[in-house]
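You will see chain A twice below: alongside chain B first, and alongside chain C after that.
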Partner chain A sequence: MNEQNDKKLSRRQLLVSAGKTGISIAAAGAASYLLYDAKGPKAGVEYKEHVILKNFSVQHRPDQTMSIAKGSDRAETLNKAIKLLGGIERFVRPGETVAIKPNVAFASPPMLGATANPELVAEVVRLCYSRGKAKKVIVTDNPINDPASCFALSGIGKAASAAGAKVVLPKAKFFKHTTLAGGTLIKDWPILFEPFAKVDKVIGIAPVKNHHRAGASMTMKNWYGLLGGRRNIFHQDINTIIAELAMMVRPTLVILDGTEVMMTNGPTGGSISDLRRANTLIASTDCVAADSYGCSLLDMKVSDLPYLAKAEKAGVGTTDYESLKPILATVS
Partner chain B sequence: MGLVPYRARRLESVISICLLAVLFLIGVGVFIKQFDYNTNQYGIQQLGVSLISIGAGLVPTGFEMLSKVEVYNSENLYEKINGKAPLYIESGFKELSTQRFVNINDRSLWMELYTYDMGTVKNAFSVYSIQRRAGSEAFPPMQLGTPQSGNPFAYRTDNALYFVHGRYYIEIVGSSESGELFSAIAEVARKIQANLAAGLDASIAELAMFPQENLVPGSIKLYLVNAFGFEGLTNTFTAKYKSGNETVTAFLSKRADSKDAEVIAESYRSFLIENGAVIKNTTSKTIVGKVMDFYGTTEIVFTAGPFVAGIHEAENQQAAEKLAKILINKLNSLNNE
Partner chain C sequence: MKIVQARRISQVFFFLLFIWFCIVSTVGEKLWQLRGWPVNWFLQLDPLAAIGTILTTHALYRGLLWALVTIILTIVFGRFFCSWVCPFGSLHHFVGFWGNRKKSAAQKIRLNKYRKAQCIKYFILVFFLFMAAFPSIAASLQVGLLDPIPLITRSFNLIFLPIVDRSVNFVSVSDRFYVGGWLIFAIFLIAVLLNLTIPRFYCRFICPLGALFGIINRFAIWRIGKRQNECVNCKLCEKSCEGGCEPAGKMRISECVLCFNCLDDCGENIISYQTQPSLAGEITNPDISRRGFVLSLASGIFAIPAVRLSGKLGSNWYHKVIRPPGALAEKEFLKRCIKCGQCMRVCPTNVIQPGGIDGGLENLWTPVLNNRIGSSGCQLNCVACGQVCPTSAIRPITLSEKLGTGEFAEAGPIKLGTAFFDRGRCLPWAMDKPCIVCEENCPVSPKAIYTQECFNTIRDGILTVKKVSDNTMETVENNLSLDKLATGDYYCAVEGDERRKIVANTENSIEISPDKLFGKIPTAGSKIEVQVRLQRPYVDIEKCIGCGVCEHECPVSGKKAIRVSAEGETRSADRKLLLKR
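Right, the complex of A and B next:
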């Protein structure tokens, strides 16, 4: 041993070391005390943070609630339908942030019509930027199964990005719990919230599809994509959950794409033979009215879809879409 | 206790730093590992039980795997097919394995293979038949599916191939109508047929119980539960027949015995009457009291030994009664064998 190793600690050094040790122990204890949850998690679910989606709707215009554009080119019918409602400027103001919620439920090629058409989504993004002068447009959905693949293989991710939108894939931290006032199913349930928390407007885009459980999947069913958790339990009461989703989400505008309609084997489809060309696109501020019209594209009646009457009863919109005097146009 | 020498304290510091470094590395390891968890515990498995034995052998020529095999059970099937999950689960679904393949030279050409293990050939036939696309083309070249005279249990559309392989119902869905892609789809189907053990010895006896004359090819469907919205009608086969310019639907359901068949038939007739049906007159003695008008369509419900059978929603009463008589005779002849 050399001289240095034999050196003894001075009293001062000892006190300093002891002091540091004491402070460390005290800090750890204090932190533990502050973080300690004496009650622990309760049985059932109780969360401190509950959220409510804000109302994104715009001022009602009696004669400009719903438009129906006929034509095979989605970009043209979209532009026409929105123009008939007063133009995108009515819905998106300069500097606003817009969230677009297309149906991206499956990792399915666009040709099969199981998801929103990517070119239609891209055209809405372009409109928001070019005419609406939006500051930012995001495109999001919660497909549950491999969202990245769903956005990639449906073509929506690439098309939306190319049009300038930010594609937001769902992450666990984006989900917050909500309870729908007057709801029976949406109680303390996680929803995809964060992407919608700071936006000014919300636009839903959905294809017209046959749906094995719900009868049909259109703009109201599209909000199912916001649900987190084991949302399949709601299949037991599909009509109520769709009606409650329509109560929960008050969008700025919905776009129902009936250019090609999935007539059979929905919601997944799988064959182009499941599709029928109807060359119809609906834009509306009333999702109940839009879906009620959409029934006709599926050779269904409004009464075939009980969720429409439930939503109407809840004051979401009207199934009597003709009373809204929808504006019709054909794009040659 | 004496004070610690400086060298010993330095050694302690080094050891402490090493321990902290180890703890840090463990933390990093846990952080990284959480993104590569054992998905078996959460429903999605890395390798499908049903496809694992075949492995990469399914990849068609000129293609490569685009995704790993994913496996879904009845708990998480909805994650893959959403609202269509109940159709499978109510039909005895066990497991779904999926995998995608992509063309090496043209990435726009890809396909997804869905292998539904339905437990029995009957369950597989049920989901196959219920979803069969009207007007689709039978796909007999490879005699896919359960061997059955005139019923290869396989059909194609422009972009996809659907078939029953023993207890499996299989869909191979292509991303386009490309002929090259469909050739690859057919190649995958052949490989499945050759390599996936499926218990092909099982057959569906009821298929041969329908009269063959005027039977629309590929029209037989099997509803395992809730046929025509009536809970009591389980295990019910339907078949379409040409009658002039019209189509008439016949059905049959084999029960435990003739007594059970009578009970179910009577319950179903009562169900129809409760929902608005009224008994119609008929000149045919064998079905007197069994012909009903249901909002302008004709319903006939009768029994033949252990079978509940009849005609469903026929536009034309005469055509319905004619087919009903043929079906009664056929079933009675089978009962007498």
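Right, the complex of A and C next:
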């Protein structure tokens, strides 16, 4: 038999022991009371951090909405086209931050034209800095193929960095949920938000490409690169999603590059035989008008691309680009 | 500087160098990226990789010549690799030291005594080498399972780096995944925790590379030994003995890992690093019994034929074992792959994954493509995996060989497998929903996925005409939901007229494009059909290269509606599917 068992408990020991017991029971009881959840969890997921993209557009000028420059040298046609719209100074003010969203969808070399031309992207960056006196220019996209490989192989990463831009790869934490007012598809959907959160201006740069599902991929389809998550499910209703993307993103300026046009096998291409020279570059503050003109480079009509009419109906822009009196110029 | 100090510096240096090589195994041109860093150097220094591949292939693949340096240095200096270079050894050394630091000298001496079980590592070595030794029966290089250099390489590259990088996404923009990584981690963890029972547990009892060095050690010119037979017999030299080689008594040369702790601990300066054998006597050969040797040899010879009874190299081959581009035919591949995971680490899209055992036991941790993981299947313009493979289980192919251009135009592109549609799951095939994401992303030109257009009448899509005015048609039925047909994919088919694209609809009316009015105005009471325009995808087997981008992008995300399997892969003639080429 244990000797201790024979010992009588002192009053002091009893009080200490009773105190400890009481405190322990009280603590357990309090914790249970505070944590008690009578209802259980709700169904579904709630996204607390909802974001909305700013409107990045500049003041409308009825006679300077769209310009079309013809020529084979992208740097020259770009400079011309932007000059005709009032110069980059109209779009980028000194000290502003600019985000450029080129089409960097695929890890393929620049000569195949599946991605925005790196020289063109670099030239826009240079313009923003030199004439626009921008404080900072970033270049970003959420590509289809591996992001780092896309920026590397397309040549856009290197060209943009060399021109002084910061290349932002789409990290998971940059995506935030958004809901488009008046939209049916973009609801609680993650978009590449962070790079655009603190910039003052947004410029889209897209090549003109054939696209078997959508008909054509141009400046409006280029905003697909802002979508995160399982965005491929939107292909079930491609026209609505493209129109909604054009509603969601109100860019400062879009540049549609039809210097070389991907006529077949789009949007990936893969062979130079898929390309045709059209020597046309469009700059516009109205992406619907730019794409409406752009589809002619693919031998298509506006009615072949239902998303154009949808976007027009939503008030994003006009498919009747002639009404904007586009300014034409030829660079020789 | 004391020699143990030099050893510690060497260990820290090589450990950090190893970590650095893990980090820089990232495709890119920045200083911390792949550029020209010799990221395979530790694997190439490993003589087991060299000897193993020599046994299976009778050839020494270029970079593995480094192993000769290790062997020569071992013959001159003894088993220096274990205590001066091996990053896994250094880790064990540190954990073993730290975990037992509070024990008394007497306890430590007991802890570091020689144990009979140290012979197990020799049996493991013999078992693996004889598994590889008879190419005419069945040779398979499985030593990488326990070879410490591949083991720590895959553990750091596939487990620790991705876990640490998750918080910052510095090395990789998106989080990396490795199938079955938990097993790699568990084995690593067990190996490290065993140091708390006996220091350098892995090195003493398991390490087949250590066993190889133990055998070579007998030829070493320099060795640890006593300058004189007699000493006070304090046994302090055995207090921190990393190899358990009994320097106080008859020195067990094969077990000595050259940690030099005995030299440092001997107060009488009796132990030295010398060319003559210990004056207290030495045992040069590993303590292995003939019976044990024969048993491990025989099990090694029988193991692979036994494993191959499953027929995984024959007609029962597993279709999901899709190897990276440039991988050798399966039998040759298994003769070379040391399961180091370098290809999985370097792959920019994370599609290369450690294999499981459903492709056969030998498939464990060998590279297989899993298109459900990573950023985009096997990237068309990438050949990184073959460039880093230390044993050429994946050949270092050029881009033109992979794509079948230039001098390889006649051979055609390297096919990893073939994509197959699951028409029961595919949206346009099974559910009459437009999609063709697979076609869009097919990187081949002309595309290996093509479509055929068809118009299918939707459910409850036969409607009765009530009234037609211009481009609007009212229907008797009242069952349409607002603008459901306005997506640009729906058409109104009237008998004897062209289909008209629907641009809007209400519950009981359909609006067609005003540009193109009805050619023949449907009469009241007649039937029209509402149809959906579908582009249904097909695989052109002659064009498909099995890259898996389609599978990766398929929006049917659970079990994909298009899946690649290894059928028709270029590397094995017996898995051909096409008659031509």
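Basically, the second predicted complex is superposed on the first by the 286 of 332 C-alpha atoms of A that agree within 3 Å, B and C clash if a C-alpha of one lies under 4 Å from a C-alpha of the other, contacts with A are read in each partner's own complex, and residues count from 1 in each chain.
In this section, contacts are C-beta pairs under 8 Å (C-beta built on N, C-alpha and C of every residue); 3 or more make two chains touch, one makes a residue touch a chain.
Worth saying up front: this structure is predicted, and the values here are computed from it rather than measured.
Of the two partner chains placed by superposition, chain B and chain C are both touched by A:Asn265.
Touch criterion met: A:Pro109 reaches chain B and chain C at once.
Contact with chain C, but none with chain B, is seen for A:Pro147 once the two complexes are overlaid on the shared chain. Once chain A of one complex is fitted onto chain A of the other, the partner contacts of A:Leu9 are limited to chain B, with no touch recorded for chain C. Of the two partner chains placed by superposition, only chain C is touched by A:Thr240; chain B is not. Contacts of A:Ser332 after superposition: neither chain B nor chain C is touched. In the superposed pair of complexes, A:Ala172 makes contact with chain C only, with no contact to chain B. Counting contacts as defined above, chain A residues 106-109, 144-145, 149, 153, 211-213, 232, 235, 238, 264-265, 267-268, 270-271, 273-274 meet chain B in one complex and chain C in the other. Contacts from chain B toward chain A in the complex involve residues 3-8, 67, 78-87, 110, 112, 131, 133-136, 157-160, 171, 173, 175-177. Those residues of chain A lying in contact with chain B across their complex are 1, 4-9, 14, 105-109, 111-112, 144-145, 149, 153, 211-214, 217, 231-232, 235, 238, 264-268, 270-274. Of all the residues in chain C, the ones that touch chain A in their complex are 27-29, 169, 172-175, 348-349, 374-376, 379-382, 427, 433-437, 439-447, 451, 487-489, 501, 503, 513, 515-516, 535, 549, 553-555, 557. The touching residues of chain A, when paired with chain C in their complex, are 106-109, 144-149, 152-153, 169-173, 211-213, 230, 232-233, 235-240, 264-265, 267-271, 273-274, 303, 306-307, 309-310.
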